[in-house]
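For reference, the structures are reproduced in the following blocks.
Here come two complexes built around chain A, the first alongside chain B, the second alongside chain C.
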Partner chain A sequence: MLSPERRPSMVERRPSFFSFQQPTPLIVPHLAGIEDPLPETTPEKVDVLIVGTGMVESVLAAALSWQGSNVLHVDSNDYYGDSSATLTVEQIKRWVSQINDNQIPCYKNAKLYVSNDIGPNGKYQSRTFGIDLSPKIMFAKSDLLSILVKSRVYQYLEFQALSTFHTFENDSFEKLQNSRQEIFTNDTLPLMTKRNLMKFIKFVLDWEQQPEIWEPYKDKSLAEFLVDKFKLDKPQVFELIFSIGLCYNIDTKVPESLQRIRRYLISFDVYGPFPVLYSKYGGAGEISQGFCRSAAVAGATYKLNEKLVTYNPETKIATFEDGSKVEVEEKVVMSPSQAPEYSYNMPEQKYEVHRLTCIVEKNCSEWFNNSESAAVIVFPPNSLKSGNKEVVQAIIIGSGSECCPDGTCIWYLSTTQQGPRAEMDLDAALEAMEISIIRESSTKIPEDDNLVQVTQDGHSIVNSFKLGQSFKEYVTREKVQLLAKLYYTQLTNTPPFNVVNPALFDHSQEQINKFIPNASDNGVIYTAMPSGEISYDEVVTAAKVIYEKIVGSDDDFFDVDFEDEDPMAMGNDGTAPTYDENAIEDDDEDEDVDMNRDDDNNEFVGKMEI
Partner chain B sequence: MLQFKLVLLGDSSVGKSSIVHRFVKDTFDELRESTIGAAFLSQSIKIKDPNSEEDVVIKFEIWDTAGQERYKSLAPMYYRNANAALVVYDVTEADSLVKAQAWVNELKQKVGDENLVIHLVGNKVDLVEEEPSKRVITVEEATKYAADENLLFKEVSAKTGLNIKEVFQTIGEKLYEIKQVELAKNPGNGNGINGDQVNINLPRPSTNDSTSCCS
Partner chain C sequence: MQHGIKRRQWTKDLLDQKREDDEKKIASYKSLVKSMFQCRDNDDYTYEAIELTTNLLDMNPEFNTAWNYRRDIISSIKTQLDLGFWKNELKFTMIQLKKFPKVYWIWNHRVWTLDNFPSQQLTIWQGELTVVDALLELDSRNFHGWHYRRMVISKIEELSHSSLNKKEFDYVTSKINKNISNYSAWHQRVQLITDMLSKDQITDKVDFIKKEIDYITNAIFTDAEDQSVWFYIVWMVKFPTIRALLSKEDYSNFLRELKDNALMINADEVDFSGKENVWCLKIVLEIEIIQRLLCEPIVEAVSKDYLEKLIKLDPLRQNRYRFLLSKLP
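== the complex of A and B ==
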């Protein structure tokens, strides 16, 4: 029943509600698929129409459905995910030609090469690849992760660990020293540097409570702050800003960088010695499917291949391309990527995210930690031949993720560099990666006595390492076999920084009040396209802002209390686990994150008076 | 314990969910609060190992369409790694068998696994028992189709519970048989989950577990 503390949901606020008090739990909406028979036609009237099944829209659909809203969720594509989709190679081909026919707003300049090795007559089948349009990683301590758990959507998904962060420097990859243990045991670091580094790490875990330290620097770059205040040297500064903080340029301001560094550190060791997870079979595409399914379980109606043509805020009628209509009682929410013709209200999508995605015929296990199948590679400013000003980031996804077949790997490169030089930076980073993976995989040739090895198909290969040839020479002869190469520019109105700030996503009010004659999208609330941010950080913030606009408050955002026992959280012996859910929901309770549980190094801690 | 994913398919209102509820809760209609919000339903059955005569527990993880089949909007996630499928039609509904056949084709296309066990089920025989003239799809017609496509087949009633347990029992035995063949082919490959990739259990952060020892 209604508890006095809980703000009534929209269902409860409807006048019809109190006329038939039901004994069943009020939070539970109509269950599609379980209540039958189901209507065969599109509902005539819904509370909310959501157009596009990307991450933000899908999280919103699930949140609203569980809150009790009657949601119709459509997508003009024949697949789920929209701008967050995970696609097969064949689907990518179609997507690229749609972009080049100007059929998909917010994307431009798409170029695709696909080798004949992928296809009906090739070695690899199109459907064995899952290519993310917006590749993302998930921090172990993040709002999205806690909502995945709370909503039980995680049960539809499988997650794997990612612990390897490489930084490209001086023409080679440095593996990130990311645990306290590694910092302590790193012989190359002078004691003084270790001490300063530990001092900073201790500060950053609790930085918001110590404004006296950082506030004088709040408009300065983190680099300046680190050098000035913590006496750190360039290698550590770069590592903190670019590998741990995953910032986009050297000018990133102090508070934002501190928040990003803390995000990494508090995520470390939540599930094990790694800060980041990714979902199997595809990233955002899988997660958005999961939220859509959750919304469907809560009663939302799903319709793919349904394109909105126009919405009339006066009659509240939304009209689709196939001629069907629906009356929308409350709000229409739409992704800019699904905007119909005459969408004069769409916010300007002024930021570019440039992406280069390659499928390579190498397993790239050299870059992964044991039992993992993914890595992140960061190219700091000025580390590439192109003289890059902004960072290039790469997410490497191997076949263990089931996103690509054995022996292949997907490289997702992106940069927030604006304009045509972005493509040059991406190409330079790709070249550096190609050289590196060949070099690293060739050093793996076993150092046995055989100078000449014979491959399976009878060709002899000379072990150049043993023959004393320089790697550089060796490199020029071998090439990484690219099975596919995809380049595109995505537009967004979300800048690639500060994406946890709700104010960034709160630009819909002005739209609603505007009425442009002949516009097809009057009264429509637009969601934000994915930004250049490498993590999912913006998703929940963006969904909540719109949720609040519709429901009036975000208090009950995913305030679902499932009464049944959770079969997946049960141990194999059938006993309930003893975890404390707060541990992952409430950042503040866990300030004292132990980054290293290896007590062997305690001697250092003592000496360093932390 | 062996665990298998089973998906439901068939057109709206043929009674897919009712079949599952009859099987999982042994109820028909009403009072379903405890299942609400569950990502999927699960139910275990016991079967006998044909050789050792020992009991084997088989757990079904049952995925309902949640209405997403209405506009052919089932996500790839739904089909992924499915071990078995229950394709349902309504013996009193003329074109529901034709639609079931379309679902079978869809399944074969979406699920690459040739070991997928498909069980065709004709529901609502209770209506026919009350009023024989309501039957529009004959047992012969469905049996022939099932045989041609190599599907298991039975007529059931979710309302009376007729043959519901038997259907899942048959699927369980078939899955177990396939599993034994697979194990014989590559021993040591436990539950069919590949390699050394470790999946992470999200509700179980290790931070709080002071007894865990990470080296």
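== the complex of A and C ==
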């Protein structure tokens, strides 16, 4: 039985623009369980069985299918996306009860409040909200974006720019200043600070080639390196580490943090003056679904509501709850969130990611840049009332993303703090955000001529009595209306400061050869649950590692050669188009990006109208 | 469904098909050329003949003969053409330029069209300025664009009997703020300041120059490696008008502070990376040359030392440095 309600699918909503260079309108392939009915039977024999339709699994399914493998991709839920899904409010309600009934592995402590304003009789309909279980932002220069272009899955999606990064410091939100342009025009930075900042930025863009500068600090924290070598001050150091590098705490080591800072800076100006993109209509949920559709085109079979019960590595037979079986020639790959009973081989998911997701009845446009509808806020260590040791990161998604109706927005807060402290930190961050949005969006203190006066010798004094009155008045005037509040803890085996480590999979390799008696999952390769990482960085690495285990090498990972619909679609001089399938080239190639191929992504890049 | 099917053995068929299509295109082009020459030889200066050149130029905008013929026709039937025609002519060149932005003949024709516009001359040229604005948005360092801009501005100034210097100065400043490495923008700044000073368009000149000094100081601290900034500073330091406008004391201070800043930046560079900043060395050299010329006291002269360094660091110009070394007292 399929979900009673779901978000409108990619096929149902047409792209909001048409590319003039496309001779025929884009056809988004149908997916079983959404536009097409679910298959009644599954194939008898496949090369690979993938269980769970999250990000890593979906990328893998597409990669394997295009490589020629016969893939059966199943999910025990009645929706796509698994731990990365984008769900409606009703679906979230159901999801939360399932967690509290212990029906979903790797999740715990789920708490949900939903206001009456959301519902069949309320102001807002449940399915106008698309809530990401695993909210993420995508860097413009990233392996995921490369894969999206290579596989052409980007054609099913729409992306928006996100250029606003706020750092919370001293009870206020400071906007990021990181480009040479901003540094140059900033009147408040002392000259030598400008020089030091620029020195660092130039260095970090090419840091691996300058070991003489960073290697003496390789086991030290980045903060030490920045203060010692570049003579930067605390505000710049914090901005670089936490807002640009998006690190979790002050102890992040030099090589990892330089990599993260570089990732931000090289992503800037790839498609425009912003480093990061957000997927419209939903983040990871839409993207993973996109890869599933691509896999389906390449021949993969899809089935929802299909729960794996056990796998026998000797007979190579996988058995599902509905009694059906399939013989798996090569491997079974499974997300820990789909693990059946008696899955003794699953690696210990010992790290917690605590999340707090709120639907707020405010449009939060004060936080967004120009025509954008999303922003990131970072709360560095010790910036909150709770004395947070770890960073709290927040993604704010406005209604322009089509994930929530006008006048509302979604706040995704998360922290890698382990244990019960996490909720305190999340609450403190939420409070700070509520205060800030009220302050910024409330009506300004009325222009009162008697408020500010100038004395005889030219000093201006503020009539503090009047000011106090004004403040008192507007503080009690408004409160942020929360339409929904969701807490949950997600478990993962990726340590909070590392991107997925290939060594993690060697762990399961040993166990593949060592069968635990009575286990339902002997011989199964487990993927990694999403970590606290705010970007999609870990996804492609994880998919590649597993791909290599199955295929032998990752040379042909997404090495697809698409037939163009119209061989006559050539350039004016009659030559075949010479564009590179990759809009993003590898790091060691030229930084210049060929913008011509991203017609669909030009939504937010200004077009010259003459 | 054709979408995204993996390619198989299409290439040979594709090539054959392409050859066939090419032959058709070549035949059609050749016949167009023939027709055009026939018309021209028959002194056909009619509106229909213009259409002929349109089709030809669409296929090959570099065929200058066709442009010339087109202009001849337009000139001879000028009285029959309305404003709409001229507007279309501009549109036509714009479409061609979008496809072939570097073909000089299209630019020439566009300028000719603008020059020959029958009315609303000023409006037309002002419109052209917005076109250049858009162009420079896309590629702010294209010196062809800047050159074209100067031409457009001078036409507007001629037609409106006014100077656009102040506005242009703000425009140039915003371009530099966006990207310090914009050599064309700094160059334009030089032209503008020179012109504004000579036409007495600046009310408080001393204040203006002092603000300019702050501006370039900000620039060298933000990026001491950018050659555009240093070239500009050398001009500022040597420009006699600036020297004349500042009091002796102000000018001395200007030189002294610039030298101190350059020394500071260089010392910081050596401390950080072990390397000298060649630009800093050079500017200090220039300053000390001027100071000697003006018989100013030089605090801690480093010329000899720096010249010897530069001979090694900038071997391309070593003979100049040796020459300067020989001229030192």
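Note that the second predicted complex is superposed on the first by the 489 of 610 C-alpha atoms of A that agree within 3 Å, B and C clash if a C-alpha of one lies under 4 Å from a C-alpha of the other, contacts with A are read in each partner's own complex, and residues count from 1 in each chain.
Operating definition for what follows: contacts are C-beta pairs under 8 Å (C-beta built on N, C-alpha and C of every residue); 3 or more make two chains touch, one makes a residue touch a chain.
Remember, it's a predicted structure, so these values are computed and weren't measured experimentally.
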item	value
Which of chain B and chain C A:270 touches, first, second, both or neither	first
Per-residue contact with chain A, leading partner among chain C and chain B	B
First (chain B), second (chain C), both or neither touched by A:148	first
Contacts of A:158 with chain B and chain C, given as first, second, both or neither	first
Partner chain(s) touched by A:560 [first = chain B, second = chain C, both, neither]	both
Chain B versus chain C as contact partner of A:191, first or second or both or neither	second
Touching partner for A:551 - first (chain B), second (chain C), both, neither	neither
First (chain B), second (chain C), both or neither touched by A:371	first
Touching partner for A:301 - first (chain B), second (chain C), both, neither	first
Contacts of A:293 with chain B and chain C, given as first, second, both or neither	first
Doubly contacted chain A residues - partners chain C and chain B	152, 294, 297-298, 560, 562-563, 567-568, 572
Touch list for chain B against partner chain A, complex	1, 12-13, 15-18, 21, 32-40, 42, 64-68, 70-73, 75-78, 80, 112, 195-209, 214-215
Chain A to chain C touching residues, read off their complex	27, 29, 66, 152, 180-181, 183-185, 191-192, 194-195, 198-199, 202, 213, 229, 294, 297-298, 560-563, 565, 567-568, 570, 572, 574, 576, 606, 608, 610
Residue ranges of chain A touching chain B (in the complex, touch as defined)	24-25, 28, 31-34, 36-38, 40, 79-80, 127, 140, 145, 148-149, 152-156, 158-161, 269-273, 277, 280-281, 286, 289-290, 292-294, 296-299, 301-306, 370-373, 400-401, 560, 562-564, 566-569, 572, 577, 579-581, 583-584, 590, 593-594, 597-598
Complex contacts: residues of chain C adjacent to chain A	1-8, 10, 14, 17-18, 21-22, 25, 94, 99, 131, 134, 137-138, 177-180, 217-219, 221-225, 265, 268, 272-273
